[in-house]
Amino acid sequence: MKLAVNLLSSSPEPDRIVAAAARLCYSDVSAEELLGGLESEKIRGFLKHLRKSGHLSPFEHVSFTFAVDGISRVCSHQLVRHRLASYSQQSQRYVAMTGPDVVVPPSIRDEPGLKERFIELVAACHKAYGEFIEKGVPREDARYLLPHGWQTRLVMTMNARELHHFFRLRLCRRAQWEIRELARRMLALVRCEAPLLFDLAGPDCLVDGECGESNPCGRPYESMEELLSDETVF
Amino acid sequence: MKLAVNLLSSSPEPDRIVAAAARLCYSDVSAEELLGGLESEKIRGFLKHLRKSGHLSPFEHVSFTFAVDGISRVCSHQLVRHRLASYSQQSQRYVAMTGPDVVVPPSIRDEPGLKERFIELVAACHKAYGEFIEKGVPREDARYLLPHGWQTRLVMTMNARELHHFFRLRLCRRAQWEIRELARRMLALVRCEAPLLFDLAGPDCLVDGECGESNPCGRPYESMEELLSDETVF
Amino acid sequence: MKLAVNLLSSSPEPDRIVAAAARLCYSDVSAEELLGGLESEKIRGFLKHLRKSGHLSPFEHVSFTFAVDGISRVCSHQLVRHRLASYSQQSQRYVAMTGPDVVVPPSIRDEPGLKERFIELVAACHKAYGEFIEKGVPREDARYLLPHGWQTRLVMTMNARELHHFFRLRLCRRAQWEIRELARRMLALVRCEAPLLFDLAGPDCLVDGECGESNPCGRPYESMEELLSDETVF
Amino acid sequence: MKLAVNLLSSSPEPDRIVAAAARLCYSDVSAEELLGGLESEKIRGFLKHLRKSGHLSPFEHVSFTFAVDGISRVCSHQLVRHRLASYSQQSQRYVAMTGPDVVVPPSIRDEPGLKERFIELVAACHKAYGEFIEKGVPREDARYLLPHGWQTRLVMTMNARELHHFFRLRLCRRAQWEIRELARRMLALVRCEAPLLFDLAGPDCLVDGECGESNPCGRPYESMEELLSDETVF
């Protein structure tokens, strides 16, 4: 299964809704008028101010729902640690794992001999998985044999504030490569829907101009283009 | 200021998105196919199953954003106790209170003599508020004199799972009348956008057929129509 | 590694603190007097009332911290889906997996021939894991080969309200056996510290006297003793 | 009612528990050994590392419960906007407001003539509150007349991570003076229980050495002593 990250759904007019919510905090405007007269220049101004002042709560009013196929359960286990988000993940209790569907880390894939051994062991485990089930072992138990790299599918929703936080942590070069690639694709998708909300998002180096890690990588991102094109193929 | 509750924004096709997320958990369907073949009969089936089995996490993938004008700060203080939601509220630090804009409880409004006294005291406080500001008191301090019934505006976002929880608590006849009226209007609005997600929502009496309160009111709601038409005018 | 569940820390006098917080809501008692005059009969009364009326928010004021060794990553992946809790989990990026340390599901362990095959495959994967690392593959990549049943360690904190919710879901006979055994041990531990808070906790059948599942197991628990002694050995 | 902020309860040995949880993430130590050999020098090292690297999740394992008397409902409305915390607040539905108990802002208290007018209006509102109740108006409605500055009592629990966040926002000189004074007292209290966890906490100026506000106050705190002694009397 190839990695696929799709935007399943998103709040309509996200830039405008966030600007309207922010506007309400600071001016005496009625619910009916809230969306009126918000030209894009004004929206840009509001959003810039929010980001600069760190008042990110209005960013919570818009959400993005992703359908993700083909990340490993190593990656999904990390992902669901982000608690301010919603997840629906394919169940290994109810769905039979027909694969073998596994993520092969580039460091293994590119090393002569290792990839073959990896694939061979995965296939042996998956074969046993099938035979165990035939012998009456429940799927939910047979899966104890599947490797961590086994692929999963999930639907995930995050609001724009949490997405900014997620991008800050997970687009850092120190982040694990698989969740980093997931984050990179997510950022590319939300930038199409909400160009102003995400005109600047990413790790400390890109957003703040300096690294917050205790042990910096030494290769700060210098532009959004560099970040967005830094693909990890697996 | 009259109470106004508008739906500022909502996730597109909410019934369908929730059904798609639920489907993913139990079947081997790719991200690309997730929305395909979901006719309304199938959606209805999925959503009914989720509600019956109490597996409400897929309901989190869709959100609703309300613009609310004219609730009192009594009501907003209760409202923001719902922590799984996002709020942007008009600031009394930055916005001058030009009113007098106050919610008059029906029990005071309908009692001869009380309403007049209430309005008179509110006006006296608001007059002093203005004079204090003229004398250099910051707005954020002068407001200490404004009554609890003073009106506020806010933008609020809740997902469909939290909305179900909110409706269960706040549409009960035991709930405070002002937040109950707010909830009633919110329910009417989301039922237009997501008729299947909210075909059944409300207090225990309506949803479960029995009351969960330790001290029941004795007048259970018998139908959605009864609930939706039970307006409190203020 | 054998499963070990220890109570690392817990709020002092949990029954009393919850009762004090509840008392404040309904009476005019000062911060200084709040803990005074709360004999155990009075505490019992408060807590019973809270549980019966479903007003569980005061239960949030006390927390329990567990150190857990030897659950599988199948189980930890489920566990961390409980978002109203805090987790610190052993990192597979930083810590070398010296095992082989794996949870063998009872359905595999008890079936002649299956256990041997399971153990053999796990050992083969773990051997490759070690060799991959020797050849320069980072730990975080080599682990893609480790089976889902691989064991992990974590420290976890939940408050008493979330624990009640957790026990309701995870002590049901329909829950996956590994997380159910974890929950059973956790319940036994917190009952020692907070006998009144947890005098009744568990699945619907035990707490409400009826099942809320769409597909009941048909074997409702009839007493706390039955629940607490229903050990799953693995 | 005078402002009173008491520490009602706190996790035992908070510095040590956080250090133990952090240690687990990075080393192969069993649940049983987790607390062993953690001398204060080692604890200090762990906590310093966590703070410097921004890995604050282990701070969530310890919590602090405060009993607060005498803040205004202006302040409590702001306070409960912090959603990663637990609150039990005195109910104005169930408890009669016997006062008059009100917070007088310093800017009003110190201005000749204003304080008297403020107190007089508050007394008039409170008198009407009592008379309305005598005439059959429910408490929950009569309170619509009480001023925003009316005092309340609450019990509140926050974990150490949220407390750090709270102190950062609310100890800034730009924060509203009442919640700032509350925060100052809370910080003094938790520093006694967890000196290492809170050896450095407060606004950006003190913790980071530079201001993150878009509109800085120009008077950065230069030491913890300065911050802790900066009392606002009201």
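By written order: A, B, C and D. Residues from 1 in each chain.
One rule holds for everything that comes next: contacts are C-beta pairs under 8 Å (C-beta built on N, C-alpha and C of every residue); 3 or more make two chains touch, one makes a residue touch a chain.
Owing to the predicted nature of the structure, the values given are computational and were not obtained by experimental measurement.
Shared contact partners of chain C and chain D, listed by label, are A, B.
Each chain's centre was taken as the mean of its CA atoms, and the one lying most distant from chain B is C.
Interface comparison, B-C against A-C: more C-beta pairs in contact at A-C. Chain geometry summary: the mean Cα position of chain B and that of chain C are 34 Å apart. Chain A and chain C have Cα centroids lying 28 Å from one another.
Residues of chain A found to touch two or more other chains are 87. The part of chain C that touches chain A in the complex is made up of residues 72-74, 76-77, 80-81, 83-84, 87, 92-93, 102-108, 111, 114, 117-118, 121-122, 124-125, 128, 132, 135-138, 140-150, 176.
Across the complex, chain C meets chain B through its residues 49, 52-54, 212-215.
Across the complex, chain D meets chain C through its residues 4-6, 8-9, 11-13, 17, 20-22, 24-32, 34-35, 57-58, 60-63, 65, 67-69, 86-91, 94-96, 98, 153-155, 157, 159.
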